[in-house]
Amino acid sequence: MIRAGIVGGTGYTGVELLRILAGHPNVEVRTVTSRQDAGVIVSDLYPNLRGRVDLEFRPPEIETLADCHVVFFATPNGTAMRMARELLDLQIKVIDLAADFRLRDPRDWEKWYGEPHACPELLDEAVYGLPEVNRAAIRDARLIACPGCYPTAVQLGFLPLVESGAVCGSSLVADVKSGVSGAGRKAQLTALMAESGESLKAYAVAGHRHHPEIIQGLSARTNKKIGLTFVPHLVPMIRGIHATLYANLSSSGDDLQELFETRYANELFVDVLPAGAHPDTRDVRGCNRCQIAVHRPQQGNTAIVLSVIDNLVKGAAGQAVQNMNLMFGLDEGTGLPLIGLYP
Amino acid sequence: MIRAGIVGGTGYTGVELLRILAGHPNVEVRTVTSRQDAGVIVSDLYPNLRGRVDLEFRPPEIETLADCHVVFFATPNGTAMRMARELLDLQIKVIDLAADFRLRDPRDWEKWYGEPHACPELLDEAVYGLPEVNRAAIRDARLIACPGCYPTAVQLGFLPLVESGAVCGSSLVADVKSGVSGAGRKAQLTALMAESGESLKAYAVAGHRHHPEIIQGLSARTNKKIGLTFVPHLVPMIRGIHATLYANLSSSGDDLQELFETRYANELFVDVLPAGAHPDTRDVRGCNRCQIAVHRPQQGNTAIVLSVIDNLVKGAAGQAVQNMNLMFGLDEGTGLPLIGLYP
Amino acid sequence: MIRAGIVGGTGYTGVELLRILAGHPNVEVRTVTSRQDAGVIVSDLYPNLRGRVDLEFRPPEIETLADCHVVFFATPNGTAMRMARELLDLQIKVIDLAADFRLRDPRDWEKWYGEPHACPELLDEAVYGLPEVNRAAIRDARLIACPGCYPTAVQLGFLPLVESGAVCGSSLVADVKSGVSGAGRKAQLTALMAESGESLKAYAVAGHRHHPEIIQGLSARTNKKIGLTFVPHLVPMIRGIHATLYANLSSSGDDLQELFETRYANELFVDVLPAGAHPDTRDVRGCNRCQIAVHRPQQGNTAIVLSVIDNLVKGAAGQAVQNMNLMFGLDEGTGLPLIGLYP
Amino acid sequence: MIRAGIVGGTGYTGVELLRILAGHPNVEVRTVTSRQDAGVIVSDLYPNLRGRVDLEFRPPEIETLADCHVVFFATPNGTAMRMARELLDLQIKVIDLAADFRLRDPRDWEKWYGEPHACPELLDEAVYGLPEVNRAAIRDARLIACPGCYPTAVQLGFLPLVESGAVCGSSLVADVKSGVSGAGRKAQLTALMAESGESLKAYAVAGHRHHPEIIQGLSARTNKKIGLTFVPHLVPMIRGIHATLYANLSSSGDDLQELFETRYANELFVDVLPAGAHPDTRDVRGCNRCQIAVHRPQQGNTAIVLSVIDNLVKGAAGQAVQNMNLMFGLDEGTGLPLIGLYP
């Protein structure tokens, strides 16, 4: 059994990790930490886990994690970079669900996250945990930076177009809609149901931290310059991301449907829908799947990609477990839910 | 024009008061206070009021309110009782939307609200602002205690039964469901959409502050002892209260439909639906109306009353304006919305 | 492997059965029927099942079901009673998720469902599939009548009180709230999101088909007469039932918490929460669990029970699989989800 | 008093017209028709109108409308074009909320709406009822084609850019999100709350009827060719449209904030938010206002416009009344709500 620890188990990605790992046949969760809830029984805080997770939250200290094979960070940004070095030195693999190791250039980190990076020397070693791109490197990695939720949906949608050169990547548009769980389990006015229910708004139009992450990811797959306009929106639902992607086609000859089906033919967790389909976020609710459709209205020169994920699963906890499976030589799909909770 | 002030204008009842008063032909809102947002333009915080409310929040001080004819308190409990005396001394009428003057016995206040009452000498003078019961006294009052949202829906539903003696009041049950705006505009985990959306729960089964208020109100209308079981629930919608009320009938002879229609025949804001109806909270959304249906399944000895209001209007800001209209000799319905926003 | 058939696979209970059975290690779904969608690929209609359910809908005929070991009816009321006899004669076990075999007296069926019963001779043999009451009989049954969603939540909540004699059962009140999936996957105005979203209403106060079912179920567990007032409500959420139950205690001596914990000590799917808790429907979303709390406010003579289930799982498809597990000698929990999808 | 008739009063735009007109000081609604509900009391179907609308639905015949000054069509597409001629001949003004007179070329109608136009000779006379563009013509019109909901939000957002030449209009992108009331009050599976709640999807990516309408409207304001990619989405809320608009700037010199503020300086119903704002659909819920913000991220060459309306008000019934006010020489804002229902 793989002994796993979770640092920061009280947020939505933490509790989702617990849900998934509780059903994973090869994992035993040994430790869940929470600075503020140390001493609390996990299932007192999360009654959905009663009888399935029999742990209490412990303070986030290295010693309590020392007998783990792998430690997940489901923490706010800026935590993992302060503990990763010590864990790696103890031969513990680290999977960070936050942003600490996503950007390769520490200056980008400092610019977007507002403080100097605490261990820039690990950035080169960290592997960006998008298995559909970096599977081989993930298998050998000690330190994984799980992609953000928006970047997962956007990159999986753009990748076939960018990698193949079917689009000129200089004027991509990503109009992305997220459910409110993406804002995390934090007491904040804007996330109240009376504020965000029955309403929709864009936010961070001037600049969002996932913007440089997406550009970095797409740029690594092409030798052309990527230009991206990225607008996130808050939608009155709990789970789900829907990315609507626009790109100008370089040539008119490509069969986009075939391009997508071929690109993802062997991917368990990326499901290309039939031509003409419109994915619903509900169909991937609770499961580790990205469903994608590609359109080319009136056979014009614009490609439109519709890409949906559950932000807490393929956009966070599920993808983290997918990475763990690869790192430990397990079948990639082990323990990961594949059927969305509909209705 | 009536010059009005609002103390505590940043909560949901405060902003709803602004919406209603902005459309009231006889009122000019002179002052809106907020301790924490003093200096902020009201419509910067509430863009729905842009172009209609041209004020900034000011600190909550007596001097800024001194030229008002009436001051509304849309504050947390415990604020109005500390300022009411001074305002009354300045010949300013006071309408409290919070609980400070609802309970007649200061020991009840202390028991349920956790601190001694700051001006118990005003409790005798304060009039409980349920116009359907206290209309005459309200007209002459200087100090109004607006009923709570639950007590409004529950009392309007039980009153015809209790006043007429149609029920023995010793074992009433009120199972009441409220939208999340009832929890106020406060950053708190339980009111996040990711927590309260798509879920339903009861709360405060062991005891809720509105319990003694309802018992006090119903007891004043009968010489029998009132016994009440009261269970509030949080429902995944923003506005609306639905009270489902159960009572054992004293006799089998009463025509309940007629009883209700007669009791409320002259009430503009209480609408008795036809026999057999089931009111929807949406039909009173945004308006100052209570819709009620009364049932007696299988002609048995149980009466079931269904009573719906908008918690922020008839349950708070609208009822406060209804009281103001009475206090200033206006037509009771002036400026009050009567049509619910459907769908 | 158990070969299973599903008659009526296009409704919400049908697709939920498919989700659960797709993950069941001992079951192979051989046939899914749908009169109106015969010929359609199941996963074209339900994209959440893509890659996991590889079937097409077939017409609902006995021959297509003949090689099954068990057939589930996820059909409208009145279908199973017309096909059950033939299937039983073929040595196929039958599990009906509809109401056809729930009421033991065919006159009750005719009264509440509006037509004579098509095979009254099977009513004696049919076992009411509430394992927490009828486990032994279920193991030996050929024909199971799965309880309705409301009756499941209400009976599990009242049973400890009624069986123990802790309450006099003559004036029980069940105020029950259901998400909209309970209305089924039918094009009807009242179930539109613009109608049922952001609103709450009671319905069928004059009488609901689940009323006689609950009374029959509780009556079988006591020698006292059961009197029940039952009011269902429609709540703006998709899944979940919350039953709020009121009962007058016969004596003041019982420790209700202990009574409930003892009654359900060995039940995998009934989880009695700690004293003072208030269950949320979200904590059982997608899983086959009933969570229950019992209260006695102010140590008075009223017991209040809060009981939550997912109407499509413990209230329908999950309970059906729980019954199947018992009928085929499997561990009762095989293949059944136990962790709710939170948030 | 203006005597008004409403043909097709049972849909959401019809009932919203009734709500608005019931509060309009210069209008008396004389007739509301409905083929299917003829004979039904309006407020029996719509209890939110009880006591305020005292009419019954009548069959949709010319005679019943003959004493009106103005007739609104809140009907499905294809109805108004069959009755408009007769009404105009009776000197009755006609305001169509459906699509019958929106497209100037009858071949476009036939292409997009699937049947030949029934009175192409009126298309030249019909005035497209977007007052912010056609105010003068509306004042003199007998026949108004009210814009669609999407076209209202999209055109108001793009107009300042297109009219000024600030953008090259050949590659506009409109990513638009609508609440479910836009689908109308029709029993259809996809609009069930269990289907459209808690989910988001794009639809009609291959082509939507509002596409040619938007292009026609924008083209009329520029001599450049308009190219538009338009993707509508269904969002789990009842009311509201949020248009996110993308355009490439022609030059880098324009002050976009000033451009928008100047363009709409005198428009009561278009509210340009301060620089950097993100409008919420909730802030215009129930009111006849469009709130707009314009952004230019990182001072690049892409303009992003965020434009929100209530689809049933500024996108339908409210705009119709705004048109009526102009046609009858009233103040444009008479009777129209200006404050959104928040929360």
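Read from first to last, the chains carry the letters A, B, C and D; within each, the first residue is number 1.
Everything below uses one rule, namely that a contact is a pair of C-beta atoms (placed from the backbone, for glycine too) under 8 Å apart; a residue touches a chain by one contact, two chains touch by 3 or more.
Small disclaimer: the values here were computed from a predicted structure and weren't measured.
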Checklist entry - Which rotation angle, from 0 to 180°, best lines up the CA atoms of chain A with chain B, given as a multiple of 5? => result 180
Checklist entry - Which chain lies the greatest distance away from chain A when centres are computed from Cα atoms alone? => result B
Checklist outcome for this item: Whole-Å distance, C-alpha centre of chain A to that of chain B, is 45
Checklist entry - How big is the gap, in whole Å, between where the Cα atoms of chain B centre and where those of chain C centre? => result 39
Item to check | Centre-of-Cα separation between chain D and chain B, whole angstrom | outcome: 36
Item to check | Multi-partner residues of chain B (each touching 2 or more other chains) | outcome: 12, 179, 181, 185, 194-195, 197-198, 236-239, 279-280, 282, 285, 343
Checklist outcome for this item: Among line, ring, star, complete and other, the chain contact graph is complete
Checklist outcome for this item: Seen from chain C, its contact residues with chain A in the complex are 12, 15, 19, 22-23, 44, 46-52, 181, 185, 198, 238-239, 271, 273-274, 277, 279-280, 282-287, 291, 338-343
Checklist entry - In their complex, what parts of chain A are in touch with chain B? => result 12, 179-181, 183, 185-189, 191-198, 236-238
Checklist entry - Okay, in this complex, where on chain D does chain A touch? => result 171, 173, 175, 177, 194-195, 197-203, 205-207, 229, 231, 233, 235-240, 242, 244, 246, 248, 276, 278-282, 285, 295, 297-298, 300, 302, 304, 306, 343
